[in-house]
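What follows is chain A paired twice: with chain B in the first complex and chain C in the second.
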Partner chain A sequence: MMQESAQRAIEIDSVTKVFEAVGMEPVIAVQDVSISIEAGEFVALLGPSGCGKSTILRMIGDLTAPTRGEVRVHGKSARQAREDHDYGMVFQEAALFDWRTTARNIELPLKILGMDRSERAMRVQEMLELISLTDFANHYPWQLSGGMQQRVAIARALSVRPKLLLMDEPLGALDEMNREHLQNEFLDVWTKTRTTTVLVTHSISEAVFLANRIFIMSPRPGRVVKVIMSPLPYPRTAETRRDPQFFEVESEVREALHGVIRDKALDV
Partner chain B sequence: MSAGWQKFWRGLTGKNMRALLLFAWGSAIIWELYKYLGRLFDDRIPLLGIGFPVRSSNVSMPHVWSILGAFFQKTNRASDEVLVTTLFGQAMVTLRVTIVGFTLGVVVGMLFAILLVTIPSLERALLPWVVASHTIPLVAIAPMVMIWGGRSGLPIWFPIAIIAAFLCFVPVTINALRGMKSPTNVRVELMRSYAARRHQRLMYLQLPSSLPHLFGGLKIAATASVVGALVGELSAGTGTGLGRTILNFTYYYMSGPEKLYATIIFSGLVGILFVKFISLIEYLACRKTQQGAKGRHT
Partner chain C sequence: MSTTRRLMARSVRTLSPAIAGVIFIVLWEVLILIFDVQKFLLPAPSAIAEAFGSKWSTILQVSWVTIQAVLLGMLLGTGGGILVAYLVSKNESVSGPLLVIATALNCAPIIALAPIANNWFGLTSIISKASIAGLMVFFPVLVNCTRGLMLIQPLHRDVMTSYASSDNELVRYVRIPNALPYLFSALRLGASLSVIGVIVAEYFGGPVKALGVFIGYEAALSRFDSAWAGIIVASAMGLSLLGIVGLIERLTMPSARNSS
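Presenting the complex of A and B:
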């Protein structure tokens, strides 16, 4: 049993997160959630705002600690995994460093890791090719579009070849056209690297298109109410969006989500 | 580099400098108008009979042309130097003290800011005292620093630099500290996800983020260091520098009031030049990212 859980990429074991503030009712952001994710999976956490999906991601990434329960990453504590540079993170805001060029932004985590200069240069080149931004290596963030910035953020996260890629609504700030385009690119990158990925999103189509498993979450308190498998084979392309099976999964997810909203409508 | 110098040159000749010249010109006109009215009404407001706040005589308020002319008069009866030559020589003395003091103040201010940002509890304990130290009257501590410095074996001008440094470090510390705390949460968490050590976070995130704030502080520090140097020279035994020259011309005011005014104007120009120099460095350091601050942010 221990051996088995050590093989898992992520093991979330009955985790609860309570936010307490002075003079306020404690808020149960996440209640008794257990999730296990295998290496090489692309998993989506989907739900309305306030369902605790970001909190779960932040607990996996050791940005906040669970109140009860445990998160293990490849058999290690989340903290140890972070210290071992196992994580790449992407947030809604690209948060590139304004004073660094594209190449030097991608290089930063490698520099912190202590990788030597020539190896860094090679890795940065590789990453620039991965996101097709070689021509923009020496541009500053303000010279890039929002979509380009987000691609750089992904390259930066993947530069250390992390065991896990954690993404918190990475496309939330983009328009619909850019979103779909970048979803295709994400999947392209993921197909090449097969990095275990956890995506937090509130877009149904995004979750269905990208993930192989979708965790539907419900708010107040945040719980996983349903897990939906997406049997669509990889590599998925723009064609996949027109696949009848895609619509099938999409409506299954939508129904599950509507159930969540309906149940909660009375106390909103 | 050449773009930097062009910008520096534009700074000296461009809009700001034109505004400054316009201001100087306007002040000269008002000055002369006041003198004219004073002579016309015998320094009293007509009908009300209330006196003018300042007498308009040539001793209290020399003509603008006398002040400008004073630059090219002999400094005093015994010398064969014209005033502007003397002032340049004394300005070099003052600038040396100013630059040493400024550098010292900035280094100490930065180190202090880094210390406070590294140990937050120290910030709550010490920052109020840092700010309070800035309110100590400079004239009161200047003679003390001179006495201490006199026994230390350091160059005689060094205590003056200490006084200039003392005036500098507070604006540097406060602005650098604010700058180092300016990175957004997301950026701090990114560094956390890279398992960055404290010094790495400082080097790669906090110090670069502090630059725009820091330069605001540096410009305040630049003017403060000039003031510190001038005031320090008053109580120093060196007998040189623009501060001392101002004092000398105050002693011999009746024999040449226009020389005092000329020296004060010259000292002001030295200060402006020093601040402009800091602006040039700011431009060189931030030119790549300056656009980002103005432009989009995603």
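Presenting the complex of A and C:
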């Protein structure tokens, strides 16, 4: 236990990502970013669109390779971590498989992991309870609401008990009411599992409510301009949103973000 | 109250095509009577029914020969199409150009090959008919299946990558289920194409006891009501095949939205 906490969960070491396409100017999506994340943290990458926050997440998850620099996860390369099934990923769209029921969607990563049938069934049941969708086990994705689909996507990502949960604007497609509701559920799940989580978002309140550390990013080229620690204690509840301290952190984050955008405006 | 209304609505929905069909046949009969249409132009439904009544054993016999060729063609075309689509989808650099060629060949009138196929495999061979039907089914199945196997959602690919899944697992869990709706829309097309292929190929000559030969022969002898009886059986053949495809589709894809 002590050893594991001594080792960083994620170490991003001066990573740069340049996208090149034929006949186009190369785009520097991420420039010289270094981030280190401890095990058990809930970290948010926050910034306006085009700041490369999703690209950073994809590099952590080994869906995109950095142009320069290195990503290490629990001391391993990102690829090794992916092959060791260390990741659970959730995207902006639920990306469920339309031809599989809720239960069978959650089961798929377990099947690929090579878990046997009875163990899979138990784990699926456990996940369904975690997201309170036991009654919808045999529904197909198109029979679920957008919020339910996203909960299934989270259960699917968590089913393998990953060491890391990577979420790319998981609530971006939902309305405000559903967002807040699901944020509460996220925290519930996180409090139970304490899975190291990286969340990409462009919502200030979402980042403040969920994360213990918030990385503020600037666009083109994407850089981390400020790191804000949130002193709000866990477990956080709906009450937390009315806490004066919540507003304090929120306005600190907002100011930092506006600084980013103002500077950009002056550049042009 | 609302359930009875819904029941009524449903029975209207299922009965209305039947009612329309009856009206169509009655109108056909009446119009032919009124305008005294000659038999070689269009016989009345009653005359066709009469011809069917007197020749039904022959018609069923020739239909059996034809339907065997239709089914064999369907099987060959579907099997070949799926196999080639799978091999092609394994190699993306091959699949692009090959799809272009297949689409072009798909536009060619394959039925024009019928006399040549008769030469290749023999006039009375079932293969000469099934090969034409098979080719007509093969191209839509190939084109659609390749599309279905290749055009998977980028996010689905990312999800599978995050599971560190193998290529075979990607095929099994994503590409094949993704291709099924594409396959079935090709098969619905193929159901009518294979009947057309076999019947027309038989017009160019075939075993004496074949539906296409029967229709051609009766028409040549000016027995138009018998010829029409044969044509109607051929249509029924295509419709039944379509129904079977629909049934298999429902059984293999229980998740489809329109399975209500």
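One rule holds in what follows: the second predicted complex is superposed on the first by the 259 of 268 C-alpha atoms of A that agree within 3 Å, B and C clash if a C-alpha of one lies under 4 Å from a C-alpha of the other, contacts with A are read in each partner's own complex, and residues count from 1 in each chain.
Quick note on the criterion: a contact is a pair of C-beta atoms (placed from the backbone, for glycine too) under 8 Å apart; a residue touches a chain by one contact, two chains touch by 3 or more.
All values derive from a computational prediction rather than experimental measurement.
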Overlay on chain A: chain C relative to chain B, clash or fit: clash
Partner chain(s) touched by A:G146 [first = chain B, second = chain C, both, neither]: first
Touched partner set for A:G69, first chain B, second chain C, both or neither: neither
Partner chain in contact with A:A173 - chain B first, chain C second, else both or neither: first
Which superposed partner A:G259 touches (first chain B, second chain C, both, neither): neither
Touching partner for A:E83 - first (chain B), second (chain C), both, neither: both
Touching partner for A:D98 - first (chain B), second (chain C), both, neither: both
On chain A, positions contacted by chain B and by chain C: 61-63, 82-85, 87-89, 91, 93, 95, 97-99, 108-109, 112-113, 140, 142, 160
Residues of chain C touching chain A in the complex: 153, 155-156, 158-159, 161-165, 169, 173-174, 177-178, 180, 253, 255, 257
Complex contact set, residues of chain A against chain B: 61-63, 82-85, 87-89, 91, 93-95, 97-99, 108-109, 111-113, 140-143, 146, 149-150, 160, 173
Residues of chain A that touch chain C when the two form their complex: 61-63, 82-85, 87-89, 91, 93, 95, 97-101, 108-109, 112-113, 140, 142, 160
Residue numbers on chain B that touch chain A, as the complex places them: 184, 186-187, 189-197, 200, 204-205, 208, 211, 288-289, 291-293, 295-298
